[in-house]
Amino acid sequence: MFSHNKRLQYTVRVSESNPGLANLLLEQFGGPQGELAAATRYFTQALGETDPGRKDMLMDIATEELSHLEVIGTIVAMLNKGSKSRLSEAVDSEAEMYRRISGAGNDSHVTQVLYGGGPPLTNSAGVPWTAAYVDTIGEPTADLRSNVAAEARAKIIYERLISCTDDPGVKEALGFLMTREVAHQQSFEKALYAIQPNFPPGKLPGMERFSNVYFNMSQGEGDERGSWNSDENFEYVSDWEQQCAVDGGSGLPEVALQADEKSLVAQTMQRTRSDPQQDPMTGAMLGAGGGNGIAPTKSVRR
Amino acid sequence: MFSHNKRLQYTVRVSESNPGLANLLLEQFGGPQGELAAATRYFTQALGETDPGRKDMLMDIATEELSHLEVIGTIVAMLNKGSKSRLSEAVDSEAEMYRRISGAGNDSHVTQVLYGGGPPLTNSAGVPWTAAYVDTIGEPTADLRSNVAAEARAKIIYERLISCTDDPGVKEALGFLMTREVAHQQSFEKALYAIQPNFPPGKLPGMERFSNVYFNMSQGEGDERGSWNSDENFEYVSDWEQQCAVDGGSGLPEVALQADEKSLVAQTMQRTRSDPQQDPMTGAMLGAGGGNGIAPTKSVRR
Amino acid sequence: MFSHNKRLQYTVRVSESNPGLANLLLEQFGGPQGELAAATRYFTQALGETDPGRKDMLMDIATEELSHLEVIGTIVAMLNKGSKSRLSEAVDSEAEMYRRISGAGNDSHVTQVLYGGGPPLTNSAGVPWTAAYVDTIGEPTADLRSNVAAEARAKIIYERLISCTDDPGVKEALGFLMTREVAHQQSFEKALYAIQPNFPPGKLPGMERFSNVYFNMSQGEGDERGSWNSDENFEYVSDWEQQCAVDGGSGLPEVALQADEKSLVAQTMQRTRSDPQQDPMTGAMLGAGGGNGIAPTKSVRR
Amino acid sequence: MFSHNKRLQYTVRVSESNPGLANLLLEQFGGPQGELAAATRYFTQALGETDPGRKDMLMDIATEELSHLEVIGTIVAMLNKGSKSRLSEAVDSEAEMYRRISGAGNDSHVTQVLYGGGPPLTNSAGVPWTAAYVDTIGEPTADLRSNVAAEARAKIIYERLISCTDDPGVKEALGFLMTREVAHQQSFEKALYAIQPNFPPGKLPGMERFSNVYFNMSQGEGDERGSWNSDENFEYVSDWEQQCAVDGGSGLPEVALQADEKSLVAQTMQRTRSDPQQDPMTGAMLGAGGGNGIAPTKSVRR
Amino acid sequence: MFSHNKRLQYTVRVSESNPGLANLLLEQFGGPQGELAAATRYFTQALGETDPGRKDMLMDIATEELSHLEVIGTIVAMLNKGSKSRLSEAVDSEAEMYRRISGAGNDSHVTQVLYGGGPPLTNSAGVPWTAAYVDTIGEPTADLRSNVAAEARAKIIYERLISCTDDPGVKEALGFLMTREVAHQQSFEKALYAIQPNFPPGKLPGMERFSNVYFNMSQGEGDERGSWNSDENFEYVSDWEQQCAVDGGSGLPEVALQADEKSLVAQTMQRTRSDPQQDPMTGAMLGAGGGNGIAPTKSVRR
Amino acid sequence: MFSHNKRLQYTVRVSESNPGLANLLLEQFGGPQGELAAATRYFTQALGETDPGRKDMLMDIATEELSHLEVIGTIVAMLNKGSKSRLSEAVDSEAEMYRRISGAGNDSHVTQVLYGGGPPLTNSAGVPWTAAYVDTIGEPTADLRSNVAAEARAKIIYERLISCTDDPGVKEALGFLMTREVAHQQSFEKALYAIQPNFPPGKLPGMERFSNVYFNMSQGEGDERGSWNSDENFEYVSDWEQQCAVDGGSGLPEVALQADEKSLVAQTMQRTRSDPQQDPMTGAMLGAGGGNGIAPTKSVRR
């Protein structure tokens, strides 16, 4: 069960109204790398988890991320506090209001008109948050890796946001949130490596002959070698012929159809066949009457 | 530039038509952990990358994932080949067709009616693929971790699908695709650790006093300790008072408003105040006329 | 700041594994009327609210809805607990596994294969949760009405789910969750009517001559009258001529274009004009070569 | 069956081209509180309704909302009429065109480039309309409340848009549309209260002991009391212990697993256990080689 | 302005309740090829259109498609009429209700539980309708082609649905709706070819040397020739070298950066370089402790 | 199987950094008419196709569209190359960075902050790509028409983008991409008309009496006639009475319910009836206490 304490995890001190900055910060409120994504990611993992240590850790961190969602949302609310009342009281002239809402330097018209200056669960482009951002699949050696990566991404987005504001109170609170991602990443790393073995993830072994092959499928000026495709670590295959049909078969698909299916497939093929023998008049040819400055195309010329 | 060879990377041999299995396999065609997500993830990273080694590796693997998309999509097409013609030729009775389409044991009615038995870019529930699945953010120490995690997830989904079919040709091809995820994960790991340092990701240092704190925010029976929150690795904070306002401030948000903003905020508050002194008649009270077998609720009784 | 107590708000006792029921219950976990939608709806309103009474109430109820999200998610996890391990350990034969996953009586194949038996933030069809479900607009007389309606909807969905299970522990926990929606609705009603006046919502008066008009725009057998369109309450307008251009104007749109714009519009119109004087050969005519059992259509016959 | 009269319900008179304003107005064309959402909301309810009075009213209002969709879309088309031809004729220099499309003061580049100046079914941020906005659930005491709330929200969005333009013709038409929301809200209120009882919605009674409890789950400076949580109306529970496991149970979830399930769960737990006894080397430790200006974190120092 | 006549365009006569069939028919109610997509496609085109003939035709057909939306939605409502009351009155035992809702032969549990048996704007998989289905771009020679294609697709979906039911009244009404798509396609074809020239669409000429080239980019067994790539109509290019950098340049991208940009790019590259000289220990190596039945992979063995 | 050549199909030469233009070009990278939509459209058709000629052609063109996706994405990467490093190195002052990111003339703040200057699979508004853009249905006479239309739309979007830049290298590459759409359209037209007959699409004949009827459903000033609704080609029906219930029936829906269903429907209707005889007090009346400058509405006055 959750409880709420009215004090924030980190005190929010905002210097002045700034709806444009508020809009930018939505990235970490309702954006793909934001705090709702983090909180729901760990919360849903915790519910499905049976290992007591991981379950506890996931719920600890989920709860903290919810508290971070509150911090970032509160910053947005503070930055919008002035403009929210300006809009709801409609004291400016219409031209002035339009200029404020649509003006240069921010993208906040949606936030203002649609959400009334409250913090919506969208990213900074106004795209609604979707659970498609949450990549939990219910297997710890995969999910913990996903968590490690998610913390790394969130750390970077905070870093970018910090570079975009000189409001000291906002910078400081963002710095705290960024730092916590670093701490969380370390916990997830510990929990991952406390499972041994954890690689390859899951239970099924791979096919040994393909586990350490590297297919050099992009070729030309710029081909590079390093530990990620070195001869020490991988069998490096550059010949395109050897990249095809690596099982040694024909490389062509087949399915064993039943007799009635075969005859139906033949019937469909016949009915919908594009006859290669004819050269039909087409709609494009009907439409290429000429005239608008382009040469008639070859097929039309005929 | 891409070129296409008509031979598949792995020969596909399907034993019999099975639209239900086809539907399940869509998970790795147009699902969140599937091959389109993998291919576009690495392809977009490659385009934005400037490091020659990583750029080459990302494009190699993106190209292979496109080739895997072809393999899995071809399996789907083979499994649907019979039913596709059965539908387009409409030779069954309507009742038989309805039974086939909606019948027990598969969820393929959407695939059949809407997509005509072709492989659509949806997951196995019919949810269209979305780029919200791709979590690239343009910073290699984060993106490579995301790639490592993505390969781990994809490996697991293939493992689950392999457990659901006893068609030997399908099992074998899925096994190949699963194995390649293991190989790719190793390449991404090498490329990540070939950047030193790569932790914390990015450039900005964290706030040192919060980098190794662990907040025990979920408490009660089931609290556990391990390396992820041990005293050796973290400062472990369990007291809820010490989890709040960790900056030492009030924990309450503030914003410095301009004079006119202040007066507008006051005006809005006054106009939209929920007066705590009155106990108003409400719509619910109007609607709780009684009668449908439930006791009037307390507020209504008055 | 949030804290978490490991005990649930309501004890969850599940009689047996049932992935099909688990899947159905997702409707209130990650569905449009579910607990995540409720929690985020009130939480985002609380952050943007300045009235102290409403802000406190919204955060109280948001916190409770998070606790409900935990209860419903925990039920899902318990119902899936057996099947989750069955899948990850892959001890059944493949045919048996396929039958379990895709079998009649549930739609849980996505939940099992993609999410590994954990509770995902989707509805029971597998559609990922989206913030488009949250209709907060930042104005209390509208948002409180939205909350009243949301509680009413959630109450009904729980009622339907209760009708679908005879597991006594699940029924009881769902009954608790359903009851709380009733309590919340009452709080929101009180808070709404404690704002006076609250109708019409907002600040701008309407145009008096159109505020109590009822346009009878759907006509024929089945026209009904009641207080919602009675002469006592509304001016009832049935004449279609009087429903058009009610301002007394032409009903036709106009825009004052600048001279250069006018000439450009004329140029576009000329260039893209569908000439009504000619009767062109068309692509459909080219394609209607006849033969497949249908009469040539009129336009083709010519 | 629908018929269309070429005259609008309200005459649209636009003073001058203004693609930025056009873009803003899309909020009520293809946005969540817009006219398509309103029309489809009532139309789908009407189709499923069996009560003759409500069915008639819902279709009347659905038809009017379609007519409003036409009015707001026509305003958008008029505001874009000049820029649409400017674009399709490409008479400006490229730099001038770029400035117009991307310039300060509007967000219309998507509308212009992608939709060619026509009115698309998106909101003002370009997010495509989704039926996830429509919250109809097929139960009148819930749906009518949803309709009341939807009309209240739409009224507010129009109010905000009116504040953003001084074009008198646009203001007047928006004023008409806003006013009609007020009229519709009144009809829906009448229809709701003409069902008695309508609260609680649905058929199932709640659990009486929880119907009038208020859980004070957010605590601290700012706790407020009012009719929404007063002792007269609610049993007010502040003690966190009394908020947990309110059924009197343990608050811990349980499920009765079959013997084979139990052993499989144990097997999974063992295989994927994060061992709390060891303190493993982690990927983060490998990556924290030091150097980029931050102190090595605690876990790394060891 | 729209008006509504309570009579349908085509009389709907349904033989018996059938929620599974209702669910299937949603494909043409709220699916991508369905009637809402058709109606909104033509309606939005009509609003933006300036040519009087096309504007009139588009609005005629949009109005008819709305009337079709009503017909298909009414069929769904009739098919669900029994089950809707069965659910809302909850007279069956829970086990019976669960069986009905989740049972074999349909996918209607979402429709029943979430939408209460009303017709929702989703496809038959429960995916909410999205304006992303509407491909209008505001240029008639493209939009009319899109309309021709949309009518062709809708015709096919109706054909498939007709094959799935033997309810004579449903078959007949679907047959009517299917036929009207054929009529509409003919009107759109006429309107397209009444613009001359209409190919290539738009104003800008192409680059003549690339207008009739066919790149044979997929090669191997199965290469075919026909009028779509014949020497009469196209310059057929098979040599992969000649398919690259067809402008005669290097095929490599370049951008002229400013001096400070160049130095920043170099700095980023240095900081985030994956060093090809070292062969680092990786997280995967840490995690591959061996033991779970798979051979250690090559990179780990070292 | 795909292979990749590091040379682009067309050499990309960009004159200077321009994140705003980069953002605009995303329309053809991850937008609805862009190259990913094109490539996946043809690729999925190719996989499901059995006709050898079409299968070959579809894979040829899919491969080329992938190569175009690379060209347009590379242009975006080049235009962002400077700003990407500027952001990741954070050398500007915060105010300067904010101005760059949020400044007038572009909408690139999302691209920069969230995607780090890499090319994301979104349109120019930041909306993630969705497979809902792909309208493949698995029937060649429909799909080829869809392809023809898709090429026409893509050609137009390129035309608009070309009008927005004067960077000669960008213009030239966009011109190449635009031209190829013209070539592809011609191939698809040939392949379509090489199926005879191809109209009406599919197998089922229409109902002859409705195949050439034109319903004039939008009436008033502006009614036009042309070949699309001429008497030569269509039976033109203007009388609204003759547009209803064209089958000659009542136009009213009916369903044959079983006895128990009938009684349940009656029960639901009774329970949820809106009583037309009473004029209830409503929530709106409770809330219209007067005061805020608007006249009390009629229903409230009573």
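First chain written, first letter: the chains are A, B, C, D, E and F, and each begins at residue 1.
Note that in this section contacts are C-beta pairs under 8 Å (C-beta built on N, C-alpha and C of every residue); 3 or more make two chains touch, one makes a residue touch a chain.
Worth saying up front: this structure is predicted, and the values here are computed from it rather than measured.
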Steps needed, at minimum, to go from chain D to chain F via contacts: 1
Intersection of the contact lists for chain E and chain F: A, B, C, D
Type of chain B:chain E copy interface by residue overlap (half), same or different: different
Angle, in degrees to the nearest 5, of the Cα rotation that carries chain B onto chain C: 120
Of A-E and A-B, whichever chain pair has more C-beta contact pairs: A-B
Separation of mean Cα positions, chain E and chain D [Å, integer]: 24
Distance from the mean Cα position of chain D to that of chain B, given in whole angstrom: 22
Shared interface positions of chain D, touching two or more other chains: 1-9, 32-33, 50, 53, 59-60, 62-63, 67, 74, 77, 81, 84, 88-90, 104, 107, 114, 116, 125-128, 130, 132, 137, 139, 141, 148, 156-157, 159, 162, 182, 185-186, 190-196, 199-200, 203-204, 206, 211-212, 217-218, 221-228, 233-234, 240, 243-244, 251-252, 265, 268, 271, 274-276, 278-286, 292, 297, 299
Of all residues in chain D, those that touch chain A in their complex: 20-21, 24, 27, 31-33, 104-107, 123-127, 156-157, 159-166, 171, 217-223, 240, 243-244, 251, 265, 268-269, 271-276, 278-285, 297, 299
In the complex with chain C, residue positions of chain E that touch it: 1-7, 50-51, 53-54, 87, 90, 92-95, 97-99, 101-104, 107, 109-110, 112-114, 116, 125-128, 139-141, 148, 182, 185-186, 189-196, 203
Interface residues, chain F side, partner chain E - complex: 5-17, 32-33, 52-53, 55-57, 59-64, 67, 74-75, 77-79, 81-82, 84-86, 88-89, 91, 130, 132-133, 135, 137, 139, 141-142, 145-146, 148-150, 152-153, 155-157, 159, 162, 172, 175-176, 178-180, 182-183, 185-188, 190-191, 194, 199-204, 206-207, 210-218, 222-229, 233-234, 240, 243-247, 249-258, 261, 264-265, 267-268, 271
Residues of chain D that touch chain B when the two form their complex: 141, 192-193, 195-200, 203, 205-206, 208, 211-212, 221, 224-228, 230, 232-235, 252, 274-280, 283-295, 297-300, 302
Touch list for chain F against partner chain B, complex: 1-9, 30, 36, 40, 43-45, 47-48, 50, 59-60, 62-63, 66-67, 69-70, 73-74, 76-77, 80-81, 84, 88-90, 114-122, 128-132, 134, 136-139, 203-204, 271, 280-283, 286, 292
